[in-house]
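Below you'll find a set of structures to go through.
In the two complexes that follow, chain A is the common piece, with chain B as its partner first and chain C second.
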Partner chain A sequence: MKKLTAVFLALMLILAGVSAMAETIVVMPKLVGIPYFNASETGAIEAGKELGIEVIYTGPTTGDAAQQVTMIEDLLIKGIDALAIAPNDPDAVSPALQKAIADNVLVVDWDTPASGDDVKYSIHQIDDKKFGELIWDKLVEAMGTDEGEYAIVTGYLTAANLNTWIKYGTEYAAAKYPNLKLVTDPVASDESAQEAYTQTLALLGAYPNLKGIVGISTPAPIGAAMAVQEKGLQDKVAVVGSSLPKDSSPYLKDGSLDFGILWDPGKLGKLTVYIAHYELNGTPITDGMEIPGVGPITLWEDGKTIIMGDPSVWTAENADQFDF
Partner chain B sequence: MSNRVKQILKAREASIVIMLAVVMVVAFLMNNTFLSFENQMDVIKSNAVLGIAAMGMLVVILTGGIDISIGGQLALVTVLTGQLMKETGFDNLIVIYLLGIVIGGLIGLLNGLMISHLSLPPIIATLGMNTIINGFLKYYTNGAWINQLPQKIIDFGMIKLFSKPGEVGGQVGVPIQFILFLVAMILTWFMLRWTKLGRSIMAMGGNRVSAERVGLNNKNLTTFAYVFSGMMAGLAAITYTSIMKSVDPNAFIGYEMNVIGAVVLGGALLSGGSGSVLGTFLGVMMFAYISNGLTLARISTYWQSIIVGIIILLVVSFDMVKLHRETKRMTKVDIVPIGD
Partner chain C sequence: MEKVNNNPPTIGDRVIQGIRKDPRMVFLALVLIGLIVLMSILAPGRFLTVRNFKNMGFQMAEFGILAIGMSVVIMTGGINLSLVSSSMLGAIVGAYLMRALNQAGTMSDWSIILIGIASILTVSVLCGLVNGFFVAYVGVVPMLVTLGTQTVFNGISLNITRGSGISGFPKVFQKIGSGTLFDIPYTLLIYIVVILIAWYLVQKTPWGVHVYMVGGNEKATRYSGVNTKKVLTLVYVFSAVMAGIAGILMISRYNSAKADYGSSYTMMAIAATVLGGTDINGGSGKVWGTVMAVLILQVLSSGFNIIGINRNITDIVTGLILIAVLSINHFTSKEKIRKSK
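Let's look at the complex of A and B:
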């Protein structure tokens, strides 16, 4: 019996040693169980396998900042090397992130920025400015003219990232396409395709000369496209916006949606794990560095902000190639 | 004021009718398109789901209960039937509708039994049910939309009766969803007005103890109300799929607030026993018109939520003042000297 206990203890020690040696990187999305973050999970896990390290991908089931805080605290007790977080509320998670830093855990943010002081790197999918500008360029391309009225259907009026894109896009349009006229303030659709559909029907009634609609947030372009299709206005009203390719596919094909513009969330998950791994192992991260399966990245002069690359555009031809 | 006018103003629906009229007139003055047949039909089509679900919720609220799981029920039915149609290509719409109603009814039955036989407070029982359903859906669908539904349901959703080509394009007519909404309203109205079951529910909601004393089976009546609500949710769910042509498992998160809001705006009291199909219909239209009318009136979205809040407060205060006056008058009766 004693012998057995000794063997058992020895085994435990070895196991403990092994798990202490292996590198553990936690990637925490805003929430789990939606196609976008499922795709980034696939990418993050894949990177873990390529690098031979442990990647834990976990997050709350709703976009709840308090739950993220609880999860971070549990993970700190478990012992981790790096935490990459997409915070639901930068201020709410800040104390938990500071605690992680005090525990010598590398903290970075991805997808959505945390407060600057809390992170070593801030990994962005795209340059928000370029993204906003590309959406408006595509709007003009789909309208076939840079003159006329258009409207914006957004997710929530309070969503910082959506507002940033709208701000860059409209500022850019005001300078480059002065004859493009935004008819009203962005209309909220509460991240719901049905609400976007309802609001777009009303917009089409209110502004009969409307030539284009920009949908910001992933369900908005879909709902807008449905309304345009129902009114048979595919050829008269252009719809572009930030949508997922799989959901967009039917609408791209029937012509009601002209372009979907987003990025590949799988690559973003992958990039996040690579950056954390390089930083933990002392590999310097530089501007233009090539990340396997992702491509060259941009490191801003602040030495902190990393941009994954240019946004992707979905069309009727390519939308079926993606599984998110 | 003549007695007739007074009587009309006393009706529970009066306040909402007045507010609705104000909203409609303002919206029309700001943009004539508002009252166009095409716009009215668009509004009804995109709010039919809310309307049908509200009919079920009305019956539950009449019993003095509440059904927080309505969003979960809608999501569950859309996902299960959507998955069935996508995987097997099964497209007999009558069977799909019946299946949706049965699934909704079963969830309602579970709710009802928990509330009537285990005496769980309705808000707790249905909240728990909602959490379970949403958890299951999260696990089952991973949040992915269900696309590529059979052409038949897509065509069905596009049906418009008496249709003719619209001025700008597309077809203008009475959408099939309006008919389904009408059916739900007539069924609910008939049940509440003309069946013993419906009268008993009204009576029980008004006063549980008296109802029990006159020999009504409160437990069965309560259970029935939740089953009815579930069945209406099932009907609403397939109607949703017919409009959206795809299923978003997360579409109904937080939807219960819209449904309950429409019923309460329509004059139903959360304490039970008071509320009507007409009032609920007006409540639904109020929600719909505020959003549609304000957009048509070209009012910025930032102002819309402020206006919505003011209108809700106005309607409810109007109701409360009226209720207060009635109660006061009733107390007065007691102090009238005998032989006066």
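Let's look at the complex of A and C:
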């Protein structure tokens, strides 16, 4: 028992020692432990190594805004130089981010925007409007027709970014594809493929004429594809959505998933660390600037919004080329 | 033969008596002190600071009050899975009213806040009555009732808010969650008052005695002439009022209300209750035990965050401590039974 305690203590001291480096950037995802945010962790840590700075990638184990607030407050006591946050809720973290600013911590957001007043930069993976529109274009392409019934399976009904894409997508569809009929309000799948599978089975049962399913949030299209695969409806029901290529690959190959549309979350993690580092060290951030391993970025005229690039589309042919 | 001691008991005697009477509390206190020492060593100059303790005071209250609300239900052998969702339903109704009144701009900030708080507590009492009715009068298993009401409350919240947050309260409302009195957070002061009230109600009133009796053996309690239905209903109302108070603190701290705030607190509240020595089958447990457990979880969480340890490890360590304490409790209580035979 004593030995164990000693080993534990030694381990902790090593961990504590690591945190004594010069520049500390915290990258906080909405939650840790899902493939999407694991991929951005790899990118963020890689950037930290390239730049020789300490990057702490930490977040709550569930998508709970209250947990994020607690973690921010605690990290401020630890003492950090920059905080990059993907807020579960922009309003909830706002008071905590204001505390960080009062502490002279650089605050930026990534993946999901925080309130504008709280951040120096807002790092977006894609242009939300373009992304929503592309998903609905791909839906029509996969259905092979622009009329018929479709349903939306989303992550959480409370997630701002998911709701934004749904809003842009449905508005676009209403104008461009007026014969496309959304059968019911978006169904929540709690960021779980299992839940998306269950919900999709229910949808397929309730709406036998369903021709398409849009999965928003990375596990949703996978779960929807699982249900379509089980029912053998690959040719009748089209599934598209924002999924990771590695997860999508088996379903793309058998046709249960038609298109996966996303970006590289690893690059996003990397970009986030680079932007925070540049800002801390006074390197000016400009439109068209080349970020190592990421490519040229777009800086909007507001001087705040950074766009990483265009979305990528995964198909049966290209999905295996990616390792996330 | 034992010697009869005629001298009045000294403080030392009392402490020893206390340890004999409640070895679990001593054990929890030791775990707490051990953790504080450990964190102070691992995060030198950061953990053991006034700022950090103030920070923990701000954070602890909402969760601590929820945990008390959970504990009293578990003391009756029940469980309240709808705790956090009733908390947020009340908070959302209150937030909605406060925003509307604030935008109308005809009332003073203080009356808006009073109306907000009153509506939150009213909704909480209603939620508690619903749970209490189904558990006590219809006789459905508490886990099923509250699992159902959790979904219902959450559904209503989502319907009101359409999934987004409600903000735009009077500015002073934020003070509840961020203000201090002589450097002590208001939230901590509110928490202390709530602890004292809960302690008094559970440990010093006939209702409290009945709570334990129902938890021990409901049938026997009923046949001994206690209105167990009323006792149980009040337990769920009490739990919901705790949820309401926690809701007020949360929306003040986050300056907004949203259906899924604090969703991770439900399971943590059960963990804190059990860690604090309340029997999950009901019939025993103390408010102070839960308070101590909340302190332990807070120190663990803040300490690990300050050191910069991955949250998954925090969850694992929390789980391990829970299992360790439960095992120790299990064996000590077995020993007690053997001794008494």
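Everything that follows uses one rule, which is that the second predicted complex is superposed on the first by the 299 of 324 C-alpha atoms of A that agree within 3 Å, B and C clash if a C-alpha of one lies under 4 Å from a C-alpha of the other, contacts with A are read in each partner's own complex, and residues count from 1 in each chain.
Rule of thumb we're sticking to: a residue touches a chain if its C-beta (ideal position, glycine included) is under 8 Å from a C-beta of that chain, and two chains touch if they have at least 3 such contacts.
Small disclaimer: the values here were computed from a predicted structure and weren't measured.
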Combined model on chain A: chain C and chain B, fit or clash: clash
First, second, both or neither for A:236, with chain B first and chain C second: first
Partner chain(s) touched by A:49 [first = chain B, second = chain C, both, neither]: neither
First, second, both or neither for A:176, with chain B first and chain C second: neither
Which of chain B and chain C A:33 touches, first, second, both or neither: both
Chain B versus chain C as contact partner of A:157, first or second or both or neither: both
Partner chain(s) touched by A:61 [first = chain B, second = chain C, both, neither]: both
Chain C clash site on chain B (candidates 26-34, 80-88, 98-106 or 116-124): 116-124
Intersection of the chain A residues that touch chain B with those that touch chain C: 33, 61-62, 157
Of chain A, residues touching chain C in the complex: 12-13, 15-16, 18-19, 32-33, 56, 58-67, 69-71, 73-75, 77-79, 89-95, 156-160, 163
Of chain A, residues touching chain B in the complex: 33-35, 38, 61-62, 157, 183-188, 192-194, 197-199, 201-208, 219, 226, 230-233, 236, 246-247, 249-250
Of all residues in chain C, those that touch chain A in their complex: 38, 42-43, 46-47, 49, 51-52, 55, 58-59, 62, 158, 161-165, 167, 174, 177-178, 250, 253-256, 258-265, 301-302, 305-312, 315
Of all residues in chain B, those that touch chain A in their complex: 31, 33-34, 36, 38-39, 42, 46-47, 49, 135, 138-139, 142-145, 147-148, 158, 166, 168-171, 240, 243-246, 248, 250-251, 253, 291-292, 295-298, 300-302
